[in-house]
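A single structure is presented below for examination.
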Amino acid sequence: MVERYALEPLKSLWTLKAQYERWLEVELAVVEAYEEFGIAPKGTAQKIRERAQIDVDDILRTEAVVDHDVIAFVKSVTKNMGDEARFFHYGLTSSDVVDTATSLALKSATEEILCSCKSLANVLYEKAIRYKDLPTIGRTHGVHAEPTSFGLKFLSWYAELLRDIERLERAKEEISVGKLSGAVGNYANIDPKIERRALEKLGLKPTPVATQVIPRDYIAHLLSVFALIAGLIERIAIEIRHLQRTEVLEAMEPFKEGQRGSSAMPHKKNPILCERLTGMARLMRSYAQVAFENMALWHERDISHSSAERYILPDATMTIYYMLEKTRYLIESLKVFEEKVRNNLDLTKGLIYSQRILLALVDKGMSREEAYTLVQSIALECWESGESFRERVMQNEKVKTLLTREELETLFEPSYYLRNVDAIYERFKHDPKSENQKGN
Amino acid sequence: MVERYALEPLKSLWTLKAQYERWLEVELAVVEAYEEFGIAPKGTAQKIRERAQIDVDDILRTEAVVDHDVIAFVKSVTKNMGDEARFFHYGLTSSDVVDTATSLALKSATEEILCSCKSLANVLYEKAIRYKDLPTIGRTHGVHAEPTSFGLKFLSWYAELLRDIERLERAKEEISVGKLSGAVGNYANIDPKIERRALEKLGLKPTPVATQVIPRDYIAHLLSVFALIAGLIERIAIEIRHLQRTEVLEAMEPFKEGQRGSSAMPHKKNPILCERLTGMARLMRSYAQVAFENMALWHERDISHSSAERYILPDATMTIYYMLEKTRYLIESLKVFEEKVRNNLDLTKGLIYSQRILLALVDKGMSREEAYTLVQSIALECWESGESFRERVMQNEKVKTLLTREELETLFEPSYYLRNVDAIYERFKHDPKSENQKGN
Amino acid sequence: MVERYALEPLKSLWTLKAQYERWLEVELAVVEAYEEFGIAPKGTAQKIRERAQIDVDDILRTEAVVDHDVIAFVKSVTKNMGDEARFFHYGLTSSDVVDTATSLALKSATEEILCSCKSLANVLYEKAIRYKDLPTIGRTHGVHAEPTSFGLKFLSWYAELLRDIERLERAKEEISVGKLSGAVGNYANIDPKIERRALEKLGLKPTPVATQVIPRDYIAHLLSVFALIAGLIERIAIEIRHLQRTEVLEAMEPFKEGQRGSSAMPHKKNPILCERLTGMARLMRSYAQVAFENMALWHERDISHSSAERYILPDATMTIYYMLEKTRYLIESLKVFEEKVRNNLDLTKGLIYSQRILLALVDKGMSREEAYTLVQSIALECWESGESFRERVMQNEKVKTLLTREELETLFEPSYYLRNVDAIYERFKHDPKSENQKGN
Amino acid sequence: MVERYALEPLKSLWTLKAQYERWLEVELAVVEAYEEFGIAPKGTAQKIRERAQIDVDDILRTEAVVDHDVIAFVKSVTKNMGDEARFFHYGLTSSDVVDTATSLALKSATEEILCSCKSLANVLYEKAIRYKDLPTIGRTHGVHAEPTSFGLKFLSWYAELLRDIERLERAKEEISVGKLSGAVGNYANIDPKIERRALEKLGLKPTPVATQVIPRDYIAHLLSVFALIAGLIERIAIEIRHLQRTEVLEAMEPFKEGQRGSSAMPHKKNPILCERLTGMARLMRSYAQVAFENMALWHERDISHSSAERYILPDATMTIYYMLEKTRYLIESLKVFEEKVRNNLDLTKGLIYSQRILLALVDKGMSREEAYTLVQSIALECWESGESFRERVMQNEKVKTLLTREELETLFEPSYYLRNVDAIYERFKHDPKSENQKGN
C-alpha cells in the first residue's frame, strides 16, 4: 500500500482489523447456520457474538508462535468464549474462512469501484454532450487528419467505460462466491446445506467445485478487468497530456490554488495527475499478470498465491479506485480552451480537407488514382512551402474544370465533418446510469 | 507462428492470402450496401466480385513501393476492374477495412476455440463421472491431507471451464464488431446506414464509437480470457505432471506407439505434452500483457498496436487452440492407474484420518484444543517413527475412554469423505453442452 | 509494503522520514560543494546542517497546499534557516534531489541485498559439500532418470547465485549515479564541477547524460536482476516443495517449535515458506515489467514513472531481501532424510540404470539401435509388470552373451554416476566469498 | 516469426535446416574430441562428416513416429553412416546437443545484434555532434521548460546505448556456454575433458554446473537485456513521434519515394516506423517475462521451457535486430527542421527564461521565496493573457530596481543554457566504437 494513494473507504477495507472482522463474520454465519439446522443449540451464535473479541495484537503474538494466521485467530478469539467455543470454526478448514472473507472484501471493493465507474461515466457523458458541436482536428499518428467533434473524445471513452462496467458487473457477480467445504473441498465434515445457508447470510453463493480453496480464476478475471479499466484511464490520461502540451494547449488538467508546477519554473502547469495515472496503469497490468500466474496451484491447493495476494489484492483495488476517483475529478474540472481548439484546426491551412477535395473530384468523374495523385501533389507542395492548400486548390486548373468556387468553399467547412455526429450520440440512451447502451 | 504448433483450421485463417480475402469481403459488403441504398448502380458489386483478383505477390510488390499495405491492396485488386473501381474502397479509410477484417478473423478463430472448449468440457465431464467413486488422497501443499474423489479433480476443471466458456462467449459477442466510419470515425464520408448494412452482411455490429480504429479494449479483453483458459490448462497440466511422477504414478499422459521418451533412457515415459502446455500458458499470459499495453493509443489512433498484433493475434489464437485440442486428447487418452491411486491413499498409515479422529473426540465432549493437542502428538510421533497412526490411535487410553473400537474403525474409512460428493455433482445438469450450470 | 514481509534494515530505508533525510543529505552535499568552490561563504553548510529540521507532518501539510513534494520539503526545512537558506536548493531542480536520493536508497538497499546473497551463497556451498557423496535419483520431467549427487542440487544453485551476484554487483555499480544538472540536465544553473564534488561526497558518480531525470534504464536493469534472483529462489523453493511431497519426502523445510501446519490436520507439515517464496517470485517478475515500461519518458522527462516507483522500489527491494533472508534460513535449517533419499533411488528396481546397460552393450559391439530396442523392451515390460529390471537384465540371453555377471553387477551401482562429480566441484575455489568462480 | 520483420542474417539462423546443422556441428565436435583423446579411432570424425546428411523431411517423418526430435535427428542422420555411427551421439543426452546448439544460435544472433547496436551508436554520436549547438526547447511533462541542446537528445540515447552494449557484451559472454554432461549433468557417461575440448572447438565454455540442461537464467538475462535495448528504442521512437506531431514538427522520419501516408489523406506523413518500433518494445518486454517464468524447472529439468522458447528465441532475436536496424536507418535519415526548432523556442514569449530571472533576482539579494512569488505571478498573468513575459519582466518595477536592461537582455538568451554542454560531450571519447566511455 502506498499511503498517499490509499483512499477511503477502500483503505479501511484492508486493515488487519477489518480482515479479522470479516473472518469473524464468516465464522458467525456458520454458527448461525448450525443453529438453524439444529446442530448447535439455540442461542449459541448470540453468545459467541457477545464474547468474541478481536484483539489484533494478541492474534499477532499467537501467530508468532503457531506460525499460522487462522489458528492464531481462532485461539485468540475463543479465549474467553466458554463452552460455545466448540461450535466456533467447527468442521471448517482455514481456507473456508480466509477465502470466503476475501470474497467479501473483493465484493465490497468492487462495489465501490463500480460506483466510481458509474460516476465517471456520468461525467464523461456530460462532457461529451457539452462539446458535441465543438469542431476539433482529429489526429492520427499524431498528425492532423480530418475535423471531428471534440465531444466525441469523451463519448468514445464513455462507450468504452460502459463496456468495462458491464465486464465488471459480471466479474463482481462471479467473485461473489464463498466456500465452506472443508480441507479438500468435499464437505467431509460439513453439510453443503450449512454452506449454502451461511453464505446466503453473507450475500454469497457457493463456488460450484472448490478444492481447499476457491479456484483462482475468479480473482484473475477480476484483476484483468481492472487492467482493462486502467487501460482506458491511461488512454484518457495520454490524450489530456497531449492536449496540454505547450504547442497544442487545447485542454489542461485542474491546477489547484497554491499548487506549484516546479521548484524552478514558476510558469509551468504540468499534467502531473495524468502522468500519475499513466504510471499506475502499468501497475494494474502487472497485478493481472501475477493473478494469471497464481491460477495453477498444485493438486488440491498450494499456498503460493497467498503471499502474492497480500500485495496485489489491496494494491490493485486501492489503486484502481484511486485512478477512477481522480479521473472523475480530472474530467469534471478539465479546462478546455475552445479558442485554441478552433485555432489548431487551421494550423495546416486547409490540408486537412484534402480527402474531401479528393472525393469531390471522384464524384465529378475523375478516377480515384488520378484524383489521389493530383491532390497529393498539391498537398505535398504546400506542406513543403507553407503555402495555403485552400488557395492553391482554388486556383488549380484541373480542379476548376470540375468544381465551382462555391462548391469548393463548402468543401473547406468543418461542419461537414460533424454532420453525422448526432447519429453516433443517438446510440446512447439519455440516462447514462443505465449501462446496456451499445449500438442498436 | 511456430509451424509445429499451428493446427488447422486456425492456421489457414492467418495466411496473407486469407487476410486479403477478408479485406475483399469487407470491401464487397460495402459496395453491396452502396448498391442497396442506390449510391452505386445495380450490378456494381457483382461486376467487382467477378473482376477482383487477389494476387499476393503483386500486392507485396506494390507495397514495397507505396509502403502502405491497404493502398497496395486496393491498387492491385482494382487493376483490371474497369469503371466500377470507383466504388471500390469509396468513402473508406484503411482501418475500416483492416479492423473490420480483423474482427472477422478473431470471430472465426474464437468460434473454433469455443468449439474446442466445449469438446474439452464434454471429455472432462465424462471423466468426472467415471472417477466419481474412486477415492484418492487429497493433497494440499503437496502433502497428503484427506481422502477425496478422483473424479472431483475433473469436475473442478469442468466447472472452471464452464466459467471460461461463458467469458469467452461474451468476449466473442463483444469482438463481433466492425467499423466503417472513415478517417477519424465520424462518418464524414460514409453514412452510418451503409456501415450498419455492410456489417450486417458480415455478421458484425458497429462499434458504438470508433476513432480511426476500433478501440483496443475488445482485443485486450479477448486475450485476457485466453490467458484465463491457459491458466486452467496449466492447472490441469501441472496436476497430471504431478500424478505422473515416478513416486506418485497415479496417471500418465498417452504414450504413442513408437514414441521414445529419451534418447538415453529407454524406460522413461515423460509428460512432455503437459510440460509443453505449461510453457505455452506463459506465452498466453504474455500476449494479454501486450494487448493491455496496446490500448492507450494517441488521439484518434496511432498505429503502434499494429506491429505487435501481427505477432500476437495469430500466435495467441493458434496457441490457445493447440492447447485446447491437445488437452482434450490428453484427457481422453489419460491412463489412470486405479490400484496405485488406492495404494497411495494408505501411504501415511492412517495419518490422513487425523482430522476425523479430532472431530470425533470433540463430538464426544473433548475441547477442541485438547483434542487437537492429543491427536497432533500421536500424529507427530508416528510421522517420525513410521508407526501406524491407526494402530496407535486405537491403543490410546484417552481415546478409548471416548470412542469404541467399532466407532474408531469407521473413522478410518475413505468412503466417509465421499458421502457428500454426489451433492456436488448434482449442481451440474446432465447435458454438459449447456453452459449455465453454476451452483444453484 | 506488506508489513509482515518488511524486514530491517530495508524497511527503515523506505519510511517518509528516511526519504526526507536523504533529500537533506543531497541538499547539504551541494551546499558543501558550493562552499568548497567559494560560491557560498565558509560555514554555510555547517549552519544549514544545524538549523535544518525535518518535520514530516509539517512537510505533508505544506504539500497539501502546494501539491509538490520537493517544494513543500524546501519550504518546511528552510523555515527557520535564516539567511543561509539562499544557498539551500540553489541552482537545483526537484529531480536533482529526488533522483540522487533515490540512487542513494537503491544503492544502500542493493548493498544489503548483495550481503544477503553472499550469505546465502556460503550456506549453499556448505550444503553442496555436505551432500556431495550422497547419491540420489536425478529426475527429469518428474520421472526418475539416473543417479546423481544430492549435493549437486545445491552446487547448481550456488553456481547460478554466483552469476547473479556478479550481475548484481554490476547493477549496483551502475545505479551508483546521481544527477545535479538542473531542469533539463544541461547544467544551465549549476557547474558540472559542483555536481561531481557533491556526488563524490555521497559516494556516487554523475550519470553521463541526464535529462531532467536520471534515465530509467538503470532501475529497469536493477529490477531485472532482482527478477533473475527471484527466479533462482523460485527454482530452489519448487525443488524443496517437491522433495517434501508425502510420496517423496527426501527433505523438509524447518518446522518451528509450536508451529501448526493446519487448523484441521495435526499431522501436516507443509512447505509454506517455499510456497510463499514461489508466490513472491511472481511479484518480482511483475516489478521488472513495470520498470521496463517506465523507461520511455516523453522528451526531457515526464513523471509517469514516479507513481509506479513509489510502489515498486520499496516493494521490490524489501521483497527480494525477504526472499533471500528466508531462503538462507531455509537452506541452513533444511532437514534432509538421507535414508529416504537412498530408498527412493531403488524405487524403480533398477530401471534407472538402463542407459548404462545400453552403453555397455554398445561398448561390447552391439549397434546402438539394437541395444536401444533390447533395453527398452525389457524396461517397458518391467515398468508394466513391476518386475525387477535388474533381475530381468541379468537373466536375458542376449545380454549374457556380451556381459558377465560381475560386469553386470557393477553396472547397477550408483557410485559409478558420481565418479566425475569431484571434477565439477573443483571448478569452484574454496573461498565461497570470492565470486569469480566460474568454470575455468 | 512475422515474415515482414524477419531480416537476414537472423532469419536464416532460425530455419529448421540451420538448427539441424548446428546439432550436427555439436555432434561432430564431440566425435572429434573422442578421436583426440583416443576413444574413437583416427578418422572417425572425418568419415562421419562425409556421410552425415541432413534431410529435413526425413527427420520430420521420423519424428512423427518417435515423437522426439533429437532421436529422430540421430536416426535419420546416421542412416547410411556405417560403423562409425557408434560414435555418433555416444555418451550424450538429447539436451547436450539441443542446449549447446541453442547457445551457438544465441551467440551468433547476439553478435549480429551487438554489431547493429554499435552501428546505431555511431550514428547517434554523429547526430549528437551535428546538433550540439542547435538550441531547442527542453520539455518536461510535455510542457516547455528551459532551452537545451538539440544534440543532447542524441547524446543521451548514445550514452544509454553504451550502457546497453556493455550489458549485452556480458550477456553474450555468459550465453557462450555449452553442456555435454549427460542425462542429469554429472558426466556419468562422458568425461569432462571431452566436454571442454568439444566446446572449445565450438567457441564455447562449459556451464559450471548443469542439470540435464543449461540453467535458464542465461537466457532470461539475455532477453532482459534485449528488453532494455527495446526500452531505449521506444524512448527514441516516442521522442520522434512527438517531434513529428503537426503542432511541433521539428523532425520527421524518412518518407520514401512513392510512399503513401494514408489511403485517404494525401498530405499525411506519419511516423509509422516509430510507431511500429513502439509496438515492438511491448513484445520485447513480454519475451523477458516468459523467459523469467522459464527459469524454475522441476528437479534436474522439465521441458516446459521448450515450447515457449520455440516462439520467443527466434522472435526475440529477430525482432530486436529488426528494431536496431530500422532505428539506425531512422536516425541516419531523420529530417530535422532547424528553423522550426528555433521558432518553437519562442512559442512562450520568454516564459521559459523565468528560472533565470528568478535566480538573477536571488543573486541580487532577493529571497528565494519572494523571487519565486514575483516571477510566478508575472508568468501566470502572461500565460493567461498571451502577453510577452519578456516585456512584462523588463517593465516590472521591482525587477528594474535590481537588474539593468542590459543584464535583463542577456537573461533571455538561449546560448546561456548551452554553455556547459561541451562539458557533457567531453565525457565521451572521440572514438564511438570504444564502449567504456562513461563519465570520468
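Per-chain residue numbering starts at 1, and chain names A, B, C and D are given in the order in which the chains are listed.
In the analysis below, a contact is a pair of C-beta atoms (placed from the backbone, for glycine too) under 8 Å apart; a residue touches a chain by one contact, two chains touch by 3 or more.
What you are looking at is a predicted structure, and each value in this text was computed from that prediction instead of being measured.
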Q.
Angle of the rotation mapping chain A onto its copy chain C, from a C-alpha fit, rounded to a multiple of 5 degrees, please.
A. 180
**Q.** Pair with more cross-chain C-beta pairs in contact, given B-C and C-D
**A.** C-D
Q) Whole-Å distance, chain B centre to chain C centre, using C-alpha means? A) 33
Q. Taking each chain's centre as the mean of its CA atoms, how far is chain C from chain D in angstrom?
A. 24
**Q.** Residue list for chain A, restricted to those that touch at least two other chains
**A.** 89, 139-142, 145-146, 182-183, 241-242, 260-262, 264-265, 270, 272, 275, 278, 285, 289, 293, 298, 302-303, 355
Q) Along chain B, where are the residues that touch chain C in the complex? A) 137, 139-146, 241-242, 244-248, 260-262, 264-272, 275, 289, 293, 344, 347-348, 351-352, 354-355, 358, 372, 375-376, 379-380, 382-383, 389
(Q) Quick check: in the complex, which residue numbers of chain D touch chain B? (A) 1-2, 4-5, 65-68, 70-71, 74, 89, 92-94, 182-183, 241, 256, 258-265, 270, 272, 275-280, 282-283, 285-287, 289-290, 293-294, 298, 302-312, 315, 319
Q) For the complex, which residues does chain D have touching chain C? A) 75, 85-86, 89-91, 138-142, 145-149, 152, 155-156, 158-160, 162-164, 167, 170, 174, 177, 182-189, 191-192, 205-212, 215-218, 220-221, 224, 227-228, 230-232, 234-235, 237-239, 242, 278, 281, 285, 288-289, 292-293, 295-303, 355-356, 359, 362, 367-369, 416-421, 423-424, 427-428, 437-439
